[in-house]
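Going by the order they are written in, the chains are A, B and C; count residues from 1 in each one.
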Amino acid sequence: MPKSISQKPRVALFVTCLVDLFRPSVGFASVKLLEDAGCDLEVPMSQTCCGQPAWNSGDREDTKDLAKAVIKNFEGYDYIVAPSGSCAGMLKKHYPEVFAGDAIWEERVEKFAEKVYELTSFLVDVLKVEKVDAIVKADITYHDSCAGLRELGIQEQPRKLVNSIKGVKLKEMKDSDVCCGFGGMFSVKYSDISNSIVTTKTENIEAASPHMLLAGDLGCLLNMAGKLRRQESSIEVRHVAEVLAGMVDNAPIGERASKSGRP
Amino acid sequence: MVEITSPAFKANARSAMADEQLQKAMGHVRHNFIDKRATAAAGLDEFEDLRDSAVAIKNHVLEYLDLYLEKYEEKVIESGGHVHWAATAADARGQILDICRKAGAKTVTKGKSMISEEIALNDSLAANGIEPVETDLGEYIIQLRGEHPSHIIAPAVHVTMDQVREDFLKHHTHLPPDRPLDEPEQLLREARAILREKFLSADVGVTGANFLVAESGTSVIVTNEGNGDLTQTLPRIHIVIASIEKIVPTLEDMSQIVRVLARSATGQDMSVYTTLSTGPRREGDPDGPDEYHVVLLDNGRSSMIGTEFQDMLRCIRCGACMNHCPVYHAIGGHAYGWVYPGPMGAVLSPSLIGVDKAGHLPNASTFCGRCESVCPMHIPLPKMMRHWREREFEKHLSPATQRGSIRGWAWVAKRPLLYRTIASLSARFLWLLGGFNRRIKSLPLASGWTRHRDMPAPEGSTFMSQWREHQASLKGDL
Amino acid sequence: MSQRDEILGRIRSAIAPNGNDTERRKNLRTHLTSNGVIPKLPKSRAGIQTRFKERAIVADATVEFSKPEAVAKNISKYLRDHNLPAIIKTGDDQRLRKLLKGSDKLLEISRGISDGNDLVGVSHAMGGVAETGTLFMTSGKANPTTLNFLPETHIVVVNENDVEANYEDLLKKLRRKFGVGKMPRVLNMITGPSRSADIEQTLILGAHGPLRLHIIIVRN
């Protein structure tokens, strides 16, 4: 199936700082999915964070420094792929804004940004993956993370792949495209408002009565999982990559073991 | 002056979320407007093209705003009207007061106008012995309640029917107290009858404007109730109060934008009344005002031109951004603490009252981007909120702890080896805190988070360290 | 410095600090420079009229077609069906005068503005727009503006030839009639009867303006 090594696209995984810290399983799931799809995958070791927290806090100078480091580390690859719409959106859509008007960096950023993709859209839109091999017996609901949805147009791609998993039934929740209330620092700075928004979200999740909640961004997942755990819900929460890779034997996010009762 | 409570945004938001009546009322907002807009937009094949066309028109106007304003003024005067230029809110209040005094006005009826809120016209009229009467049903209700609008097109959206009934019973004391007031329709009929008298007896009528057409010196209001038309038709004097960016070059340009306005706002294809007014009563006219005045308000807008906030001057005040905003849904409009709520307010208010006062507003956003996606004028609202955050960061207006933690974190993130070490230690530490159940119930440095939800515990070691081991083991296997 | 000069000066220095206003003025759009994006509608007269009727009904108006000689009879029937007295107020519109000529037995007609005591106003529209079922009404002695708003029931007569596809078609006619850069004192674009949804978003017809809008399209 794989072409000769030289013909494989050289893909760098942008792990994202949240996956690195909280959920390495998502990183390994991403590696599996990309290698299965025929990529020559590498993980540049000097990566840290895309700089989004600084960017959204109004700290342009630090954002620039961090962005430059990311670009230098990753621009040599054919593609840069992140298991996050938010981080991929930062690299693809916001870096050009960070360097707008910067004569030295503008063109370089543009070339870099063209090669950046979120994981599921890279698999479907670029590699033309039609289905995955996984078998997971579960009713699943999918939350559209905002940046992926509105900055990168990711909506159909993860659903297409999830639907190809043997045993999965996709049960759409109401307002799956409405924010979960995470918003990075927002969830701590305006925690009461964030709580109100995530409470509406978990009501919608519960109403769909799935075994499992999936999304493509760990920030949103930590938020929704944190709320579901606090509410003693039985719904298990996972990153979409884990399920697509068939890696569902480990503990769900924020739990010792699944209590969802999926077969 | 409308009291500015934006600095107390967090406390405002908390009390709003604890307010049962408000939360009940907001329940209607969360879907109604959204579903209707979606249907209206889908019902017109050219909708997206019209959005682009509308954007192009406003961008063109902003490039030649001075010249279009001159042209507009010339045409208003030609049609027998008067133009008053107001640099500040106080100037506008003074000019309107002058006109009312000269006319010996006792009662002023008012069509719905956010500019009138911005300049706090009612307080100024009342302080000078002139009774302002709001005639839009929603505005009338909140005037009785001594409140301000919580939404730019649905001013009383935060009020429940039960509250309206209580207000009417309290204020309409000339009516029998046991009259039936259990249906919205009965409440509306009562307000209609009371306001009908006011329309017929007012000396001056004040309306806003959705557009000012330069070609013909025409002011345009877009309404549903008909109150704006009665306000401007029946009294002897009609005063239009409008901000300078309302200019469009021609009637055709107006038609372009009208096509996206109601669809984005209420989800109607067209509002019931789009009324174009040009000058005062003419020879042979049997009705209409004897005098027609336009007060053109700047109040900080000209200073937005040429800055990163210029795009905000494209705003047509449809309210789609707040209708789709999860933060607005949670807290309603009053929590924002000044005239303009929601995403458009989060960008505009700092421009008009200062980012030192309105600093919370551009920060209280998840950047979900839903506002921008429905804005008929494609205003990049999140991007402009971020620009405000940059201004705050530059001016050291953001809280010192927050600033310090961002800078400190960035310092570390620029040093990969140090970052690796700290990340590994954090992963280990948080893993320990997660205990048997793999979740953290309380975390002092993130108490905002753990007050409401658990913090899922990490898996124990970072991806990068696991990957390194994994690679090493692969090499070992070879 | 006057406030006018202060405001204009600030704008000018922001957008064209070194601009040549004579040159800049050449780029201003006057009328008819561009129509922009125009929604596509049926081309045929019949198609346009059908669409007008459909859209006006969506906006909660009622619509009927009528022969010229039957207009008075149809008005009186409409009033009877709504339990309204056969008393109407109209302006001085010549087309209306002609259509209602000899209807003294059917209708009691008084002429002039409305003072708020009329139950039924009858006006003649300048035209209708099929796109959204919108009527164009111009102010003046022929059709006083107060008749559009004060009576609870508003009956509007429009000639079938004046029902056009888009707003722009009627704006063109308006310019032909009033001249470039000139407007009637008031142009009311009316789409359905007045309404409010200000109480718990419950839509109720008949806010401050008419509760009913009935449109009679006159066939030639």
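Annotations for the structure displayed:
One rule holds for everything that comes next: contacts are C-beta pairs under 8 Å (C-beta built on N, C-alpha and C of every residue); 3 or more make two chains touch, one makes a residue touch a chain.
Not measured: the values here are computed from a predicted model.
If the chains shown are joined wherever they touch, the resulting network is a simple chain of contacts running from one end to the other without closing. Once CA atoms are averaged chain by chain and compared with the all-protein CA average, the nearest chain turns out to be B. Chain B and chain C, compared by their mean Cα positions, are separated by 30 Å. Mean C-alpha positions place chain A and chain B at a centre distance of 33 Å. If you average the Cα atoms of chain A and of chain C, the two centres end up 53 Å apart. Annotation for chain B: no residues touch two or more other chains. For chain A, residues touching at least two other chains: there are none.
Every residue of chain A that touches chain B in the complex is listed here, in rising order: 15, 17, 19-28, 43, 45-49, 51, 53-60, 62, 65-66, 69, 97, 146-147, 150-151, 178-179, 181-198, 200, 222-223, 225-227, 229-230, 237, 250-251, 253-256. Taken together, the chain C residues at the contact with chain B in this complex read 2-4, 6-8, 10-12, 14-16, 21, 24-25, 27-40, 55, 58-59, 91, 112-113, 115-116, 131-134, 139-141, 144-146, 148-150, 166-168, 171, 174, 181-202, 204, 206-210.
The residues of chain B lying in touch with chain C in their complex are 25, 28-29, 32, 44-46, 49-50, 52-53, 57, 60, 62-71, 73, 75, 79, 85-87, 91, 135-138, 141, 154-157, 159-161, 164, 184-185, 187-188, 192, 195-196, 199-200, 215-216, 218, 224-227, 229-230, 233-234, 244, 249-253, 255-256, 258-259, 266, 268-282, 284-288, 296, 298, 302-303, 305-306. Interface residues of chain B facing chain A in the complex, by the touch rule stated above, are 10, 13-14, 17, 326-327, 329-331, 363-370, 372-373, 383, 386, 388-394, 398, 402-403, 406-407, 409-410, 413-414, 416, 419, 423, 426-427, 430, 436-439, 446, 448-449, 451-459, 461-464, 466-468.
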